[in-house]
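Please find the structures below.
Note that subunit A is present in both complexes that follow, paired respectively with subunit B and with subunit C.
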Partner chain A sequence: MDIDTQILVKSAAFVGAGLAMGLGAVGAAIGEGYTAAEANGAVSRNPELSGDIFKNMLVGQAVAESASIFALVVAILMLFLGVPLNNLLNGAALLGAGLCMGFGAVGSGIGSGFPGGQACVGIARQPAVTPRLTTNMLIGSAVCQTPAIFSMVVALMLIFMGFDKAPLGPTWAALVGAGFSTGLAAIGSGYGGGLAAGASCEGISRQPESVGNVTTVMLVGQAVAQTPSIFGLLVSFILLFKRFPESYELQSAMALLGAGLCMGFGGIGPGVGNGMAAEGAVKWVARNVKRSGELMRIMLVGQAVSQSTAIYAMVVALVLIFVV
Partner chain B sequence: MGAEIAYTQKRYGTTSMMAAIFIGIFFILLGHKTQAKGLILGSIFSVLNFVLMGEILPLIVGPSRKKSSFISLGSIVFRHGLLAVPLILSLKMEWLDFTATVFGLFMVQIMIMGDHLLKRFHRSA
Partner chain C sequence: MAIEGADIVKAAAFLGAGLSMGLGAIGPGVGEGMVAAKACEAIGKNPREAGLLTRTMLVGQAVSESTGIYSLVIALLLLFVV
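Moving on, here comes the complex of A and B:
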C-alpha cells in the first residue's frame, strides 16, 4: 500500500509539473508570436525605424515571458522539492497546483503580447511618442501578469500547505477543484486585460495628447477585468481552508470538484468580455478625449453586466461547497 | 538593428547585475549569505536569458519561415532549460536560497519596469 501511495504521489508530481510548464508555455509563446507578427508589419511600414521597433519587441517579449517563468518555477518545485510521498492528498495537491499554474499562465501570456504588438505598430506610425508607448506597453503587460500571479500563489499554497490531518475523502476533490477555480478563471482576465492594454497603445499612437485619459481608462478597465480571477481566487481559498467532514461518497467529492470547475469556467467569459468592453472604451477615448468620462461610464456599466455571469458561477460554486 | 539591440542588452544587463550585486552586498552585511548568493545566481541567469533573446532575434527575422520557427522553438526550449538550472541548484544546495533565486530570475524584468516608470515620473514632474 505504501509503495502504491508513493508511486501515485510521484506520478501526480510529474503530471502536475508537465501540465504547469506545458500549458504555461502555450500562452507566452502565442503572446510573443503576436508581438513579433505585429513588429513585422511595423518594420515593413517604416523600415528606417527597425532598430527602435526590434528594441521595443525585445523588451515587450521579456516582460510577456514572465508568466512562463512563473510556470517554470512551479514545475521545478514539484519535481525537485521532495514533497512527502506518504499521503495521497499530497498527490492531489500537486496535480491541482500544476493545473492551476498551467491554465493560469495561458491568458496572461497571450494578453501581454497584445500591448507589445500594438506598441511596435504605434512606433512605426508615431516615432515621436516611442518612450510613452513603451512605458504604456510595460504597464499594460505588467497588469496582465496579475492573474498568473494569483495562480502562482494558489499553486504555491497547494505545494507548501500540509494536508496531513485532513481526510482523503472529499479533500482530494477540494484541492484539485481549488486548482481549476483560479487557473481557469485567470485565462479570461489575463486575455481581457491584454485587449485593453493593446488598444491603449494603438490609441496613444493615434492621439499622443490623449495619453493621460487613455492610460487611466486602460487601468480602470484592466482592474475590472481582473475581478473574475479574484472570484476564482476566493473560491480556491474556501476550498483550501475549509475543513470538510470525512466522506467517501462520490457525490460529496464531485460537489467540491464541480465548485472549482464552475467558478473556473464561469470566470473565462466575463474576463474576456470585460476586456472587450475596456478595449472599446480605450479605443474611442483616444479618438474623442472630450467624451472620456461618458465612455468610461458606459464601459463600467457594460463590464458590470458582463460580470454578472461570473457572479452566478460563484453563487453556484458556493452552493456546491456549503449546501450540497 | 543590431546596434540598438546590443545597446538595450548592455544597458539592462549591466543595470540588473549592478542591482543584484548591490542588494547582495546588503544581504551579506545583514548576515543573509544564502539569499545574497541565490539572488546573484538568479540575476546572472536572468541576464543570460535576456542576452540570448536579443542575440537570437536577428537569426529569427532573416531566414525562411520554416527555419525561423525551428530557431524560435529551439530558443524557447534552450532558454527555459537554462533558467531551470539555478532553480534546481537552489533546491539541491543548502547554500543557495530558493526564493532569492526566483527573485533574481526576474531581475531584468524588474529593471526594465523600474527604468520606464522612473522616466515616466521624471516626465510628469
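Moving on, here comes the complex of A and C:
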C-alpha cells in the first residue's frame, strides 16, 4: 500500500504539471498571435511607425505571456518540489493545482492579447496618442491577468498546504473541485476583461480626448467582469478550508466535485458576457463621450442581468457543499 | 468502502446537478452580454430612445435567461426531489 501511494502521488504530480503547462500555453499563444496579427496590419498601414508599433507589440505580448509563465512556474514546482508522497490527498491536491493553473491561464492569455493588438492598430491610426495608448493597454491587460493570478494563488495553496489531518474521503473531491472552481471561472473573466480593454484602446485612438471617460468605464466594466472569478475563488476557499466529516460514500465526494464544476463552468459565461457588455459601452463612450453616464448605467444594468447565472451557479455550489 | 447502488445514484444526481447549473450558465451569460453590448451601441447612436432601448434589452435578456432558469430548476430537482 505504501509503495502504491507513493507511485500514485508522484503520477498525480506529473499529470498535474502536464495539465498546468499544456492548458496554460493555449491562451497566451492565441492572445500573442492576435497582437502580432494586428501589429502586422498596423505596420502595413503606416510603415514609418514600424518602430513604435513593434515596441508596443512586444510590451503587449510580454503581458499576455505572463499567464503562461505562471503556469510554467507552477509546473516546475510540481515536478521538482519534494511533496510528501505518503498521503493520497497530496496527489488529489496536485491534480487540482494543475487543473486550476492550466484552465486559469487560458482566459487571461487570450484576453490580454486584445488590448495589445488594438493599441498597435491605434498607434498606426493616431501616432500622437502613442504614450496614452500604451499606458491604457498596460492597465487593461494587467487587470486581465488577475484571474490567472487567482488561479496561481489557489494552485500554490493546493501544492503547499498540508492535508495530513484531513480524511481522504471526501476531502480528495474538495481539493480537485477547488481547482476546477477557480480555474474554469477564470476563463470567462480573463477573456471578458480583455474585450473591454481592447475596445478602450480602439476608442482612445479614434477620440483621444475621451481618454479619461474611456479608461474609467473600462475599469468599471472589467471590475464587474472579474466578479465571476471572485465567486470561483470564494467557492475554492470554502472547499479548501472547510473540514468535511470523514465519509467514504461516493455521494459526499461527488457533491463537492459537483460544486467545484458548477461554479467553474457557471462563471465562464457571465465573465464573457460582462466583458461584451463593457466592450459595447467603452466603444460608444469613446464615440459619444457626452453620454458616458447613460452608457455606464445601461452597461451596469446589462451586466447585472448577465451576472445572474453566475449567482445561480454559486447558490447551487453552496447548496452542494453545505446542505445536501 | 463497499459502494452501493443507492449511493451511486445519489452521487450521480449531485454531479449532474453541478454540471447542469454550471454548463447551463454559460449560454445565458454570453447571450445577455451580447444584448447589453448592442444596447450600449444603440444608445450611443440614438440617446433619445434610451428608455425604449433599456426596456427592449431587459425583455430580450429575460428571454435569454430562461435557459439558465431551466438549468437551475433541473439542478434543484436533482438535489432535492429525485
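By our rule, the second predicted complex is superposed on the first by the 324 of 324 C-alpha atoms of A that agree within 3 Å, B and C clash if a C-alpha of one lies under 4 Å from a C-alpha of the other, contacts with A are read in each partner's own complex, and residues count from 1 in each chain.
Just so it is clear, contacts are C-beta pairs under 8 Å (C-beta built on N, C-alpha and C of every residue); 3 or more make two chains touch, one makes a residue touch a chain.
Keep in mind that what you see is a predicted model, and the values were worked out from it rather than measured.
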Three-chain arrangement built on subunit A, subunit B and subunit C clash or fit: fit
- prompt: A:I149 contacts which: subunit B (first), subunit C (second), both, neither?
  reply: neither
Query: So, does A:I69 touch the first partner subunit B, the second partner subunit C, both, or neither?
result: first
Message: Is A:V15 touching anything from subunit B or subunit C once the two structures are fitted on A? First, second, both or neither.
response: neither
Message: One more residue to check, A:V316. First (subunit B), second (subunit C), both or neither?
response: second
Task: Please indicate which partner A:K55 is in contact with in the superposed arrangement: first for subunit B, second for subunit C, both, or neither.
output: first
Field: In the superposition, subunit B vs subunit C on subunit A residues touched
entry: C
Task: Check whether A:A281 is in contact with subunit B, with subunit C, with both or with neither, and answer first, second, both or neither.
output: second
- prompt: Once the shared chain is lined up, is A:T134 touching subunit B (first), subunit C (second), both, or neither of them?
  reply: first
- prompt: After lining up the shared chain so the two structures overlap, which partner does A:C262 touch, if you call subunit B first and subunit C second: first, second, both or neither?
  reply: second
- prompt: After the fit on chain A, how big is the angle at subunit A between subunit B and subunit C, using C-alpha centres and going to the nearest 10 degrees?
  reply: 170
- line: Smallest Cα to Cα distance in angstrom from subunit B to subunit C after superposition equals 28
Field: subunit A residues touching subunit C - in the complex, by the definition given at the top
entry: 184, 188, 192, 228, 248-251, 253-255, 257-277, 279-281, 283-285, 287-288, 291, 294-295, 298-299, 301-303, 305-310, 312-313, 316-317, 319-320, 323-324
Of subunit C, residues touching subunit A in the complex: 1, 3, 7-8, 10-19, 21-41, 43-45, 47, 50, 53-54, 57-58, 61-62, 65, 68-69, 71-72, 75-76, 79-80
Message: Looking at the complex, which residues from subunit A come into contact with subunit B?
response: 21, 25, 29, 36, 50-52, 54-55, 57-59, 61-63, 66, 68-69, 72-73, 76-77, 80-81, 131, 134-135, 138-139, 142
Query: Okay, in this complex, where on subunit B does subunit A touch?
result: 1, 3-5, 7-8, 12, 50, 53-54, 57, 60-61, 76, 80, 83-84, 87-88, 91-92, 98, 102, 105-106, 108-109, 112-113, 116-117, 119-120, 123
